[in-house]
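One chain, chain A, links the two complexes that follow: it is found with chain B in the first and with chain C in the second.
Up next, the complex of A and B:
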């Protein structure tokens, strides 16, 4: 990956006065990939993207585009382009003029500009007569497409997206997510997308980078991040999860640190061995937890009081409170519906193959 | 019911409408009618002969009109060039300092225009604040810049600065920052951003500021009298003279009507070209 990296960040630091927004970011972005940077607000993802397009100055570190240092290059001389959260369409121009803007700046002839604008309207499934329409008359989804067309007209080496879908309603967002992924495949360009929505990241990206407090917590494909998170933060950020504090046992197995979990056997299916006394977190996603009928058992077993159920549409979510203070979440498909009554005592179980051990450095070396 | 309400509304507005018609429109109508009357009459009951307009052309009164419009145009352009960076700073850069600037500029309006202009005379005249001190210290003096056309334009620029500055700052504050950033991101240089983004989007402010300063400067008289020492006669001066010393109301009226038509035409043209609602605070 590092050999064909189009963008390479090394020890990138951004400070605003005494506040450090980015603590030495290292990242290689591969040519043609769709990378999504996900993080809660304030994690530094917007700052990072603004550094990459040149709207903020780098405090320390380097940005290399195809081996050429660009961290000192002003935004208008960088071959990158961003789709803004606000879209930042030019309100005094028509759809056509907006799309042609980067070409006009480059001195392309009016006839060629118009031809390219028409191609882009087609590519983004906008009717050709939108060319002369004012941007104020376009709907939210149409404006989104105009902004995309304008960015593509610039023909950037890398296209950045700063949460452009966040203001749209759910259905339109779903449609545009798929269109964006499709557009990525058709253009073959490198897309770097930032969002706080994990779902958006999972649907579109080749790789996901999880950001927290100005650092990357984990960079991997969606499946890896979902099923093998490196930290409790990532595990919790990637949706509902059940986490148990465990320690390594003398026999190579696990012991529940607070008695919430009964461990059958040595749990050797984990593939990871904890040293005796080593603390870790045992993670299991809600869809891998099951209600155990009397007489049945699993590698890990917990018991608690049934609290209630929540409709999620295709799935149903259940909550169970344990005696040691955990609220456990279980998810079942509709056809596997569990009928429990609140206050009922239930037994839950999951197997070692479905669980994942998170060994986090606890020495504050983050 | 609705129709009755509407009728009642019109009826209750009538007294005020009548008052407005009498107080605003009537004087203008009187002036308009006088402008077509024969020379030196004091009654509206004469046969119109449009002789005043012939007099304006034949006796060269149009020159003062051209001087007024010309100096107003130059002052407006200069004010735009001076105020753009200032207004840009106030709207986008200065933050707290814009308040200081606003207060300072507004404070100057508290003092009468004539007094401020006489202050400039005392400052600039031969033996005045600047030349007098310079001559006392160095023995070398210089001719006073007073009583000339450039100093009149300077006076116009000085007096009407607030009327350009504030509308311009308001107009510039309506330029979205992200549009400027997006333009830069799409490859536009600072100059291209100025011409493609800033100027078109600040157009309402530019139009309002330019109209205000141009209209006020075209009708200004104090600058040419006090600073210019009547080196040139401006139109407002001619109007005043015609009504007072000249005792020729039709001529004065005709000059006024000309000025009103030219300025009114410009104002209507300018306002029709931009979205003025935007600057009044309406959000899209």
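Up next, the complex of A and C:
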């Protein structure tokens, strides 16, 4: 994805006084892609999107839209549009006037504006009589759709979203996530979405970019990021995870750095080999961890004291504390419910195919 | 749980006393204005509206009202414009000397008006400007424009900056944003600032006293007449002045109501 990139960022730096918010961002966004940028608050994702739409000035680096440099172009001359977190619907205008606003700016005739607004109301599944309704009379979900309709009326080359669903309740958010994905498919436009919610990112996006301290940690499809994170940060950001400190053994296998894990055989199913003495992190998701009945074994085995269980709805989560200080998390579907009593000694295991080895400078100076 | 019966009675009496203190003097001026007698006496023996007729016929009264109106209207218009941009600088934009500006703009309000009027008069003299109603306009503005700015600034604070950003993002120029977004959203603040500006200028005495020179506004004339020789025109013009303010407020309410009903009927049509 280099020649068909609609937006290309190179060495993008943003500084606020002495504080550097973005450290040389490189990114190619493909035509028609749904890219979600995820990160904790303060990671620089909002700053990045504000640079891209032109609301903040770039300190260094370039932004190219279809090969044309736009980093110096003011926001009102860029063919991009953003849906704000607050939605920024104009409170003194009706739904119709809001949707028509970008067309009015462009000098489109009132009749054409109205026709387009009606089309967009249909597209966003809003009744046509909402045209004359005040924005304040719309519900949260309706306002969301009006904001989307207004952004689509602008007909941007790229549509940006700044956490527009974060203020809504769970049920509505789930519905709108799917509608947004559907809208992306129907319009074929390039969507760039930022959120701190991983779930939102997983449901909607083609690719996810994980951001941390003004840098991209990993950019990949959802499954890749979930199963094969490049760092402990990504692994932990993508939900519950068990991480073990390991080092490479002389025979090409692994040894537990702190004795928390018994390694059976050489764990060759991992696909990667550590050099002897090289430190790494062994990751396993809670759903791949299982309780071992007496007499059964696995590639990796740990033992500990059963702590308790938590209902997650479709799944149940268990916690086990090991002697070396780890709190391990195990998840089972309801039908595979494990019945243990707190304080009981249990043995846990997982296989090499389900595990993933993270090779990074551990606890390193970033 | 509501207040007890005895609390309610105490509150009622308190309320009535406050209202009596506030409005009884005004009512007595009203009575005085319809007395037939040349001198201020109570109780009034005979009633007449002849002083109203005299007041409205008199050329000097017409001049007084014209001067006061002229000053108040110019002060209102300038305060609204200055207040609008001042409020944007006060509340919306971050710039280097903003906090200094926010403090400086409050100073004239806390300055005693007598001192402000005197210092302005000295200043006009030093510059060789002969005081007329025009210098009074300047004096009123020094005091009223900051008040108008504050009133509009309160409105500007409750304004989501994302609205302007969104408009710019959709291609609007700075002038378009001002016309289509900022101005309409601040309009309620601008209108109330205008009302305040008019009322404060129309009723202002201390600043006018020092800075009108040979011209005279209504409050100045009322004071001069009370000092130099009472005329039944004093309460009459007093009542007319209050009526003027009252009519203006009513007019403002009527316009606001009309705009609202037009808006709702337009929504019903669609």
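Keep in mind that, in the parts below, the second predicted complex is superposed on the first by the 360 of 366 C-alpha atoms of A that agree within 3 Å, B and C clash if a C-alpha of one lies under 4 Å from a C-alpha of the other, contacts with A are read in each partner's own complex, and residues count from 1 in each chain.
What we mean here is this: contacts are C-beta pairs under 8 Å (C-beta built on N, C-alpha and C of every residue); 3 or more make two chains touch, one makes a residue touch a chain.
Remember, predicted model here, so these are calculated numbers, not experimental data.
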Clash or fit (per the criteria above) of chain B with chain C on chain A: clash
Partner chain(s) touched by A:244 [first = chain B, second = chain C, both, neither]: neither
Partner chain(s) touched by A:102 [first = chain B, second = chain C, both, neither]: both
Touched partner set for A:326, first chain B, second chain C, both or neither: neither
First, second, both or neither for A:91, with chain B first and chain C second: both
Contacts of A:306 with chain B and chain C, given as first, second, both or neither: neither
Partner chain(s) touched by A:134 [first = chain B, second = chain C, both, neither]: second
On chain A, positions contacted by chain B and by chain C: 53-55, 74-77, 80-82, 84, 86, 88, 90-92, 101-102, 105-106, 150, 154
Residue ranges of chain A touching chain C (in the complex, touch as defined): 53-55, 74-77, 80-82, 84-86, 88, 90-92, 94, 96, 101-102, 105-106, 129, 131-134, 150, 154
Complex contact set, residues of chain B against chain A: 176, 178-179, 181-189, 192, 196-197, 200-201, 203, 284
Chain C - residues contacting chain A, complex: 160, 162-163, 165-173, 176, 180-181, 184-185, 266-267, 269-270
Complex interface listing, chain A residues touching chain B: 53-55, 74-77, 80-82, 84, 86, 88-92, 101-102, 104-106, 136, 150-151, 154
